[in-house]
Structure formats: C-alpha cells, structure tokens
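Starting off with a structure, shown below.
Labels for the chains are A, B, C and D, by order of writing; each one numbers its residues from 1.
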Amino acid sequence: MSKDILILALLDGVSYAGLLFLVALGLTFIFGVVRILNVAHGSLYACGGYAAATLGLWLGGGSLGVSLAALIGSSIVVGIVLGTLLMLLLRRFQDRDPILQLLVTFGAFMIFEDLQRMIWGTQPYFVADVVNQMGTSEVLGVIYMNYQLLFVPGAALGVYALLQWFLNRTLMGRQIVAVTHDREVATAMGINAKRIAYLTFVVGAMLGALGGALASPTTSLVPGIGADMIVLSFAVVATAGLGQISGALITALLIGLSRSFCVYLYPELEVVMPYVIMVLVLLVRPQGLFTVAQARRI
Amino acid sequence: MFKQTVLRVGVLAAFSLVALHGAVQAAEKPAELKVGITTFLSGSASVFGVPARDAAQMYIEELNAKGGIDGVKIKPIYIDEGVGGDRLLSEYRRVVQEEKAELMLASISSGNCNTLAPVAEDLKVVNLMWDCGTEKALEGHGYRYVFRTQANAVTEMVAAVAYLLKVNPDFKTIAVVNQDYAWGRDSWDIFRTVLTQLKPDVKVVAELFPKFGAPDFSAEVSRLQVLRPDVVLSTSWGGDLDTFVRQASQRGLLRTSKFYLPLGESSLERLGQTLPDGVLIGARGDHYFLHPSYLNDEKHKTFVAKFKEKTGSYPIYSVYHMVQALDAMVAAYDKAIKQNAGWPSKEQLAEAFRGLEFRGLTSAVTIRPEDGQGMEEQLFGITTTSSEHSFKVLKDIMIVPAEPVTTPAGQHTPDWLKTVTPTIIDAVKPAQAQ
Amino acid sequence: MRLSMIVATVAGVALLITGLSMPWLKIPLILSFCYGMAALGIGVLLRAGQISFGHAMYACISGYVVAYLSSHFRGLDGALLIILGTLASIAVGMLVGAFVVRYREIFFGMLNLAISMVLFTVLGKFYAYTGGTDGLRVQRPTLFGFELGRTEFESALLVLAVILSLAVIWGVQRYFRSSAGEALAAIKTNETRLEYLGVSAKLLLWQGYVLSAGLCGLAGSLFGLSQGLVTPEMGYWLRSGEFVFIAILGGSGHAVGAFVGALLYEFLKMYAAALVSGAWQMILGVTLIVIIYFLPKGLVGLLSERRKALRGDA
Amino acid sequence: MSALLKTEGLTLAFGGLVVANGIDFELHEGERLAVIGQNGAGKTTFINICTGLLRPSAGRVEFDGVDITGKSPRHIVRRGMARSFQLPQLFLDHSVRQCLELAGMARQSRMPWWRSLASSADAREVDRVLELVNLRARQHEPASNLPEGQRKLLDVAMSLMLEPRLLIMDEPTSGVSSEEKHGVMEIVMGALEEKKVTAIFVEHDVDIVRRYATRVAAWISGGIAADGSPDTVLADANVRREVLGE
C-alpha cells in the first residue's frame, strides 16, 4: 500500500506542479528581465482562465484540436492585450523605486479584480470538453484524467523547453538574457531595452494566462482565484530564486509533491506546505535555491 | 406586612403602567420603509449573494407596485458582505444609524451573523438572519430583536442524516470533503455526531478539508479512489463544490462511491450533465423550483418564471431564503399593524415576529416564539436525467419536517444531539404532489 | 515639526468630537486610527527602504492574544489587554526580526509574506484552538475598571484611539529625527557606508522592525476590541497590502502621514463600497496608481513640498 | 617600531584571474603611501581585503598587531582603520551636516532612540571637520546636491569624523577635474596632517603622488612590483613601462 501511495502521490504532485510552474514561470521571467515583481500576474492567470472558458463555450465543444486551439489562442490574446496594458502602465514608472513599481502592479491587480467581475460575473465558469476528449487512464486502480496526468505536465515541460530554446538560440532571446545579466552594458551594446521590456511583458503575461487557460478545464473560475494563485507562485519564485527559470521548475515540483504527500499523510498541513518550504529555504539560502549572490560594486 | 403589600401593589401598578404605555404608543408611519440588506456582491459567495439580490429587487418592485406595506413603499439598501467583516460592521452601523433603516436582513455568512446579531441587539433594530446557517448565532443569546427566517445548521444536518439513512441505510464507510471554514467543519461535526449515534457501525475513512477556493482536488480524489468509501459527503457549495464534483466525475469517482451533496441544489443547473443519475442532493430548506407540492402553486410558478426570465437561470436556495425573509417582513408588519392599530414601533415589530407563521414560496415557516428560530422543512432528492432540462433534476423528493430534527428551544445543541434517536428516520416522508 | 504636532492634535480632537456626535462614525474612525498605526509601522520600514507584505501578521497576533485573554481571563481590563496584545506582537517581532533583517528589498518583503501566510493558514486550519476562519470572539472587557455598554465602550475606545495615535505620532516622529532613526533612513541610501562607519545596519533595522511590529500590534489589539471579533483575514496578505497602500498614500516623510492616508483610505473605501458597490476595488486601485504617479512621497510629501516652496519665497 | 598594517601572503583569485598574489606588506605610523597601478592590477581588491569586504583565500592581515583577517568591515573600522571610496559612498537623502553627525555618532558607537541627531552629535567636532574640508557653506544642503569633487571631500570627511589611525583612500581625486585635483588633495592632506592620520591612497596622477606621498607601492597583476621612496619607484624601468605606460 505505502508503495502505491508513493506512486499516486507522485502522479498527483506532478500534475499540480505543472500548473504551478506555468504560472510561476511568467512571474519569474518578467522579474528576471525588468526587475518588477508583478502582483497583477494573478489577474493574468484569472483572465486567461475566463477567456479560455468563454471561448470554449462559444465554440461549443468541437474536436480536440479546436478546444486546444481555444485554450492556447485565448491565452495568447490575453497575454498580448494585458501584457501591453501593463507595460504601457509601468513604462510611466520606469525609473521609480522598485517598491513603488510593485505597488503599481498591486493597484493594477485591484482594478483587474473588479473588471473580471464586471465582464464575467460571479457565477463559476467551467468548460471541460478538452478533458473529456482526452479520456482517462488507470494507475493502480485509480483513474486519472490524461489531461491532468499527461497533458498539463507535458505542456509545462514543452513551454519550458521552448523558452529555453528561445532564450539561448534566438537573437531576441540572447538579447533578453544579456539584459537580465547587466542592463547597463546591454543597453550600451545598443540593445533596445524598451523593445525587450515590451516583449518580456507580453511573453510573461502569456505564460500567466496560459496557466489559467490550462487550469480552466479542471477548476471552476470564481472571483478571487487570482489572489491565491499569486501568493502561491510568489512562494515558488522566491524559493527558487527570483529570475531562476529552471529553479522555478524544480521548486514547483518540490511544492507540488510535498502538497500531494500531505494529502495522503497529514492533510491538515497541505496548505501550509509551500510557505513552510519557502521560509526554510530562504533561511538557509537568502537568495533562494538557485541564485548565486553577487557583490555590490563600490 | 402592610407595607410590603402596598409596595407590591405599587410595583405591580408601575409595571402595568409601563406595559400599557408600551402598548399604546405606536410609531407614526414613515414616508418610506428603509430596509438594509447585507449580501455577497463580491467574492466567491456572490454565487448566492447576487441571485438573492436580484430576487430582492424583483420582490420589492412588485411589492411597491402594489402599494408597499400599508401604503408605505420599501427602500432597500444593499450592503456588500464581500468587503470583509470590519467594513461590513461599519457599513451596517451607518445604514442603521445614519440612514435610519427600520429593518435589517443580515446575512449570508455565519461569521457575519455572529458579529452583527449582538450589534443589532444593541442598536435595537430588528434583524432577520435570512441565510446564514450556524445555530450558534441565536442559541442561548435570548435576543429581542434578532430572528431567523429559515432553518439552522442543526436542522439541515440532522435532517440530512435522517434522509441518508432512510434512502441508503446499509453502507459501511463514509468519507467527507468539506471546505475548510466554519460551515464545513460545523456541519460535519453535527453530521458525524448524529450518524455515529444512529449507525455506530459506520466507519469514517477520510476527513478532508481542502482550502477554501482550492483550484485542484486531484490528490483528494486519488485518495478517495484508493479508499473507495461507500458514501462521499460534501457540504461544500459554489465554485468549490463544482470543481470537486467535476474532477471527481471526470475521474469516475462518482461511479465507485455514492455522492451526497446537502447543498447540491444550488449547483445543479451549473453542473449540467456532469452529475450522473442517482446522486443524493439536499436543498438547505424545502426549496426547489420543481417542488412537487408547489409545482402548480400560482405564487411559486409565476415567481420561478419571472426569475428565470430576469436572470436567465432558475432560483436557488439563497433566492428562496431572500423571498422568505421579505415575506416574513410583510407578514410581521401586517400582524403588528393589526395588533397596534397603526404603524408599529421597533419593539412592537419585534414582538410581531415572535411565533409568526408565514409562507414564502414553498411550505409555511413558523418563527419559534422562545428564541426566534425559524422552523423550516428540509427537502432532499436524487438526481435524474430530464427531458426538458439540459441539467439533472431531482426525483423521489422527500421532505423532513423541522420539529423532530431541530434542537428544542432552550436546549443546548451538543447535549441534544446526543439524545437524537432513529425515530427521526421515520419522520422522512415523500413530498405530496398536488 | 512642532507645528505639525499642533495641527495633528487639533485634527484629532476635531475628529473625536465628530465621532462622538455621529455614533455611526465611531467605528470607521476607530478603524482609521488602527490602520494609521499599522501603516505607520510599515512607514518605519519604508524609511529604511524596506517593504513588508506580511505585517498584518502582527495585528493578527495581538488581536488573537486579546481575544484569547478576554474570554479565558474575564477579569483582565481592556487597557491591560491592549498592552499584553502589543507586547505579544513585539515579542514575535523581536524573534522574526532577528531572521528577516538579514534580507533586503523584495526578499525582505517575500519572507515576511511567507511567514504571515504560514500564520494565516495555521489560524485557519487549527479549528479547535483558533476557531478556524470564523475566528475568535472578543468578550467586551472593562475599560479602566468601568463596565461599559457597547456605545459607551466604543466612545471610550475612540478617545483612547485618538490619544494613542497622537502619542504614537509624537513618539515615532521623535524616533525618525533621532540618531537611530536617521541612521535607519541611511540604510535606504547607503548601507555599505553605514558598515564602513562601524554601524550595524542589521541592528538598526531590527530596532525599526520591532517598532513596526509593535505599532501593528497596537493597531491589532484596538481593532480586535472595537470589532469584538478577530479572524485570520486580519493576517491575510491583502490586508498587509492595504497597510502598505495606506503608508504610501500618506507618505513616510512624517509620522502623521500614515494617519492622513488611513482616514482617506477608510472613507474612500466606505463610500466607494456604498455608492458603487461592486467596483470599490477598482476605485482604490486607480487611486493608488494616481497617487504614486503624482505624489510619490505621499500626501505629507505634498505638505513638505509646500513648506519648501514657502521657504523659497521667504 | 612595529607595523600599523601588516599583510602576509594575501592571496585571492576570482575564477582564473589572480587579483592578490601572496602579498606581503607593511605600513608604519605616519606614512603617506601612494598606491599606483593599472586598472585591474588589484589595488582596490587589496583595499577590500584589508578593510574586510573580501575574505582572502590565503594569508592574513594584521592591524596594530591584531589579526583582523576575515573580520567584517564594521569591526575593522571600530579598530581605527577607515576608508574612503572610489565612488563616494554618502547618505544622499541626508544633509551634508547630517552625514557628518551620523559619522560622529558612529564614532561614539551610540545611536540613541530619543534625542535628536543634531542635539546628540558633537557639534564642535562636526564644525571643525566641515571647516577642514570647507563644506561649511553647504552644510544644510542635501549631499546629493554636491558636485563630484565635494562628494569626494565629504566621503573623506565622514571617515575623518571616525578619527581613524589609518585612512585608506581609493582614488580620492578620480572624477575630479584636473584643476580641482590639487585643491582636493591639499585639503585632504591638510586634514590628515592635522589629525595625525596615517594614510594609503590609490592615485594615478604622478604629480600628486610626487607631491604628497612619502612612499609609493606599484601594483602589477595582483602583486607589489616596486615599493619605496617616490623617486626610486617612479624611476623604476619596469614601473615606468607597466604602470605609467611610458
């Protein structure tokens, strides 16, 4: 039995981690490049979900391909629209104290919260076509949705690989990396920081929205889902080390697994887990698990 | 000796004078009757709050069109419970003390009921608990101005046990998945206490309280699939219930375990075909838009039609509770006006609620004179596919009368629960179609 | 600064009078003063260039202490409860502070956030002891030995809140101008230099942190008494966010700022919720952004600008 | 007489790049040592190790006969070794005067909570130092108003407030226009003279070195290539080629 539980908990953890990673990824990516901790990221998650659900309803089922297209398409649209909005907003605060920038995103978050409710109302939203089309598979007598078991983690890995490729193999990506390492030098080298920042916001926003979109078939979209998701992804990002993409992947797994094991062994601890992990990690490694500290030049 | 008698007479006289005085002085009729209504307009509980608000608007428009109460028009003031306890309190005070509301309807959240009830008592304003469940809000407080126009958690949960044992007597194991907050915990406490008492051989294999508004229950579902309990109970509601039920059904858990959702009525329409047939559903009261006894009842029928037309969906229990509270208000004013031959003072209004019998959209409700607790029947049913609805409807509808499943006035719930006997199971009767 | 103190006192008394004359205003006013104290706590950290998204935790702690004591030791006086609650927060602040002062900027904020979230979830989870998400009732205690009914009790609290707020403004302002306070502000501009003057920035920040925890604690215990109920929501990160919001709104230039911000915030929110129920968050969000855009130093920043301008003319 | 500052085999490498290559060095009371060398020769690294910002991978630092290897800047400063910076490290939000007052309080290592900074700092001392670096006129302006030259002075002045026995100055005249340079050095050296402070200063300008140094040490790739009187070192062929680039 215990061995079975181990396996099952692993599977549950993985499916949850996939989602967590996608959301955290956008957050950490944006921070890595423009050094802004985007509280409004939670709204991106929520809007992505709502948009996907709405589109799904509008298309009304259709083939698997159509539903998947709906998920991805909607998150791209949301990403471009909201990413642009955020970027335009934050551009006004470029050279301000990072704390103020953070608070601006907090303000944006509050605004988005109400916008959501105005657009999508308060009734839970939910479109499950994709899940049903993908069917289920059985492990040790437990039935899993292929969507949760295979697709979401797969998508997470795919996105991760894609992002890595983009950052390391394309010119644009290399420029982004350059900016993350040293913006002065990068801009001195004639990299158009403005364009980079814009791109970053759009990509980051897309990732956040994609997280929401992928969550929408299995979870109900209700007012306020953004607020919880954002702290959770904060936990992931801070534990991994701000701006650490691979770190976020591993941390998301860590948190996802610890959570699912808790459900089997000590359910009461389930919710506290991510934060306990974060506190412990930060106490031992102030910069997060995967960041190398660098000294300030004087 | 003589002195004492004199004294006694004097005191008596004084008392009767006071009483008389209290009786004769009636308030004068206001230009309009301000009614404060707290309901969730934001946050996840707005699933209940917003439909209820719509219902209130509908109801009050109609009432005012008919000339209001004794010619006095109603002016509702809506307060958002979603702003959080502290601000809600300020706002409540503002509406009572600045806007001079004569009557308050509060609230949906049990937590808010607990906070606001003593305030209403201090402010001497009649407060109708129109939707919140916790029995603690009234029990043992002996309030003068606070009443509940529907059942409380005890009635609902004890009835739920009775129904379960009636329709599904022989099961060995049960698991619970409730939201992690007061209602989720309290309702399970009551349920478990009564269940283990009436059916000691039942084994509780899992008690899961996932976080309020959790986006994902995959681990919980897996665990339940390993345990394979005969019955899975969940008193969750709104988005949480939808999410849990959907993930459970997508993963076939509903095929292996019998699901029992005492608040399921409020999610039926949203869940569409997700629910299989044969799921046990409760309604938190005897409210259901297809209630056999009131299917053709004029008041009920027209309301359901109107509401569907206005909001595009069928009324859920919070809607019924709102209407019920407003009907109670009207009934109480009529009663008080008759008794006092004039517009009632707040005291007289409060008096009128004691022992008030009134009818909302379904069966009549009595407000217990002793503690102001509403006595409301409970409705349960089993999901089945319907030809004219795109979602599951209820069949084999059963009704549990309030009296046998409610803590008697003046008694302490935990003690009383220990005295509950299997006789309550026989109290469960099929609903009479008319 | 003398002048500002006088102005603050006059304003405080004026508010006190309005509050006592309009009963429904009492609660919002008490709340504003509570929020003011808490925001001032954040303000202390802002001066050191640090931000905390977890300080609601300290309000929460003292609130729960007050609630627990009020129901388990009925005899305790309200004043004593306030003191004990605050002390509890200070104690925890000393402990947590010792860890978090090693961190700066976003990590500082993050760590506070995480710790507060642990507390938040624990309070919600351990239902048997903490009453879960419904929280604990605060039994109305005697106040300075007097048994008081709700209305009198609230009036008394309001008076107390005003007095405490004025005291706090005065005291904290002194601290800001003291050596320790100025050195704290130096952490924001140049910590390296502090170290090279032989000053321990950590120690300074720790002092500031404990002070801020104490202020939030004071706010929390008053809050608990005025509400008659404490819930985990008191410690949720959004509440901490509100504190920061208010601190920025008022500005950390002068201790009085936090209270100006709190009053504005409280009534903005109250009327936003009353007039356009359903869009109050949006209104607040817009306000926040606008304030940051036009008055990065907050409302008191505005005042000091004025004063500079005047001096310029003279 | 024993050395005020003494290092033995100081070694440190960043990755492959050796920035301190087994440095043995002694400095005595009253000396004015000018440190010269190309950028990247390891001058600042040497200072950073001595003042505790960097920990050497090998070797030890002694100050006034006490081992201070790997001690934090704070402790080392308290022992009486102050430094000024290539990029002035000031409290830009504070006024010029406050910067000095804070330094003064630090000297007494007291940070009272209650008495205002102005009233608890030693006003006469502050005034004297303000005079020394003639910043009196601007004492109430925010430090951020000062031009580079005066920032350098304030930076040095803050270290002087500490009344150190040894002051290490990292390029006190870099970023100062060549006509100001001598002015700045005059003031600084005057101040040091008056306070009897031993000093090390990193300098590129040969005239300044000639004028103010009693001793010169030339750094080449993490080590001391030549050490001695200004004339001998500046005449050294190797130094001329490698350091002065002639």
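Just so we're on the same page, a residue touches a chain if its C-beta (ideal position, glycine included) is under 8 Å from a C-beta of that chain, and two chains touch if they have at least 3 such contacts.
Just so we're clear, the structure is a prediction, and the values are computed from it rather than from any experiment.
Asks: Kindly work out which chain lies most centrally, taking the average of its C-alpha atoms as its position.
Replies: So the chain sitting closest to the middle is C.
Asks: Among the chains, which is located farthest from subunit A on the basis of C-alpha centroids?
Replies: The chain lying farthest from subunit A is D.
Asks: Taking each chain's centre as the mean of its CA atoms, how far is subunit B from subunit D in angstrom?
Replies: Each chain reduced to its C-alpha mean, subunit B and subunit D end up 77 Å apart.
Asks: Return the distance between the CA-based centres of subunit A and subunit C, expressed in whole Å.
Replies: Spacing between the chain centres: roughly 32 Å.
Asks: With chain centres taken as the means of their Cα atoms, state the distance from subunit A to subunit B in Å.
Replies: Result: the chain centres lie 39 Å from each other.
Asks: Measuring centre to centre with CA averages, how many angstrom lie between subunit A and subunit D?
Replies: 48
Asks: Could you list the positions in subunit A whose residues touch two or more of the other chains?
Replies: 117, 268, 271, 298
Asks: Among the residues of subunit B, pick out those that touch two or more other chains and give their numbers.
Replies: 41-42, 180, 211
Asks: I need the residues of subunit C touching at least two other chains; which ones are they?
Replies: Those would be 121, 124-125, 192, 278, 280-281.
Asks: Sort out for me which residues of subunit A touch subunit C in the complex.
Replies: Those residues of subunit A that touch subunit C are 37, 89, 92-93, 96-100, 102-104, 106-111, 113-115, 117-118, 227, 231, 234-235, 238, 242, 268, 271-272, 275-276, 278-279, 282-283, 286-288, 296, 298.
Asks: Going by the contact rule set out above, which residues of subunit C touch subunit D in the complex?
Replies: Interface residues on subunit C, with respect to subunit D: 174-175, 177-183, 185-186, 188-190, 192-200, 204, 207.
Asks: Looking at the complex, which residues from subunit C come into contact with subunit A?
Replies: Residue list for subunit C touching subunit A: 46, 49, 51, 99, 102-103, 105-107, 109-111, 113-115, 117-118, 121-122, 124-126, 192, 237-238, 241, 244-245, 248, 278-282, 284-289, 292-293, 296.
Asks: With touch defined as at the start, can you tell me which subunit B residues reach subunit A in the complex?
Replies: Interface residues on subunit B, with respect to subunit A: 41-44, 46-47, 49-50, 180, 207-211, 213, 215-216, 218-220, 222-223, 225-226, 238-240, 242-243, 246-247, 250-253, 270, 274, 313.
Asks: Give the list of subunit C residues in touch with subunit B in this complex.
Replies: Its residues touching subunit B are 22-24, 26-28, 31, 121, 124-125, 127, 131-135, 137, 149-151, 223, 227-229, 231, 233, 269-270, 273-274, 277-278, 280-281.
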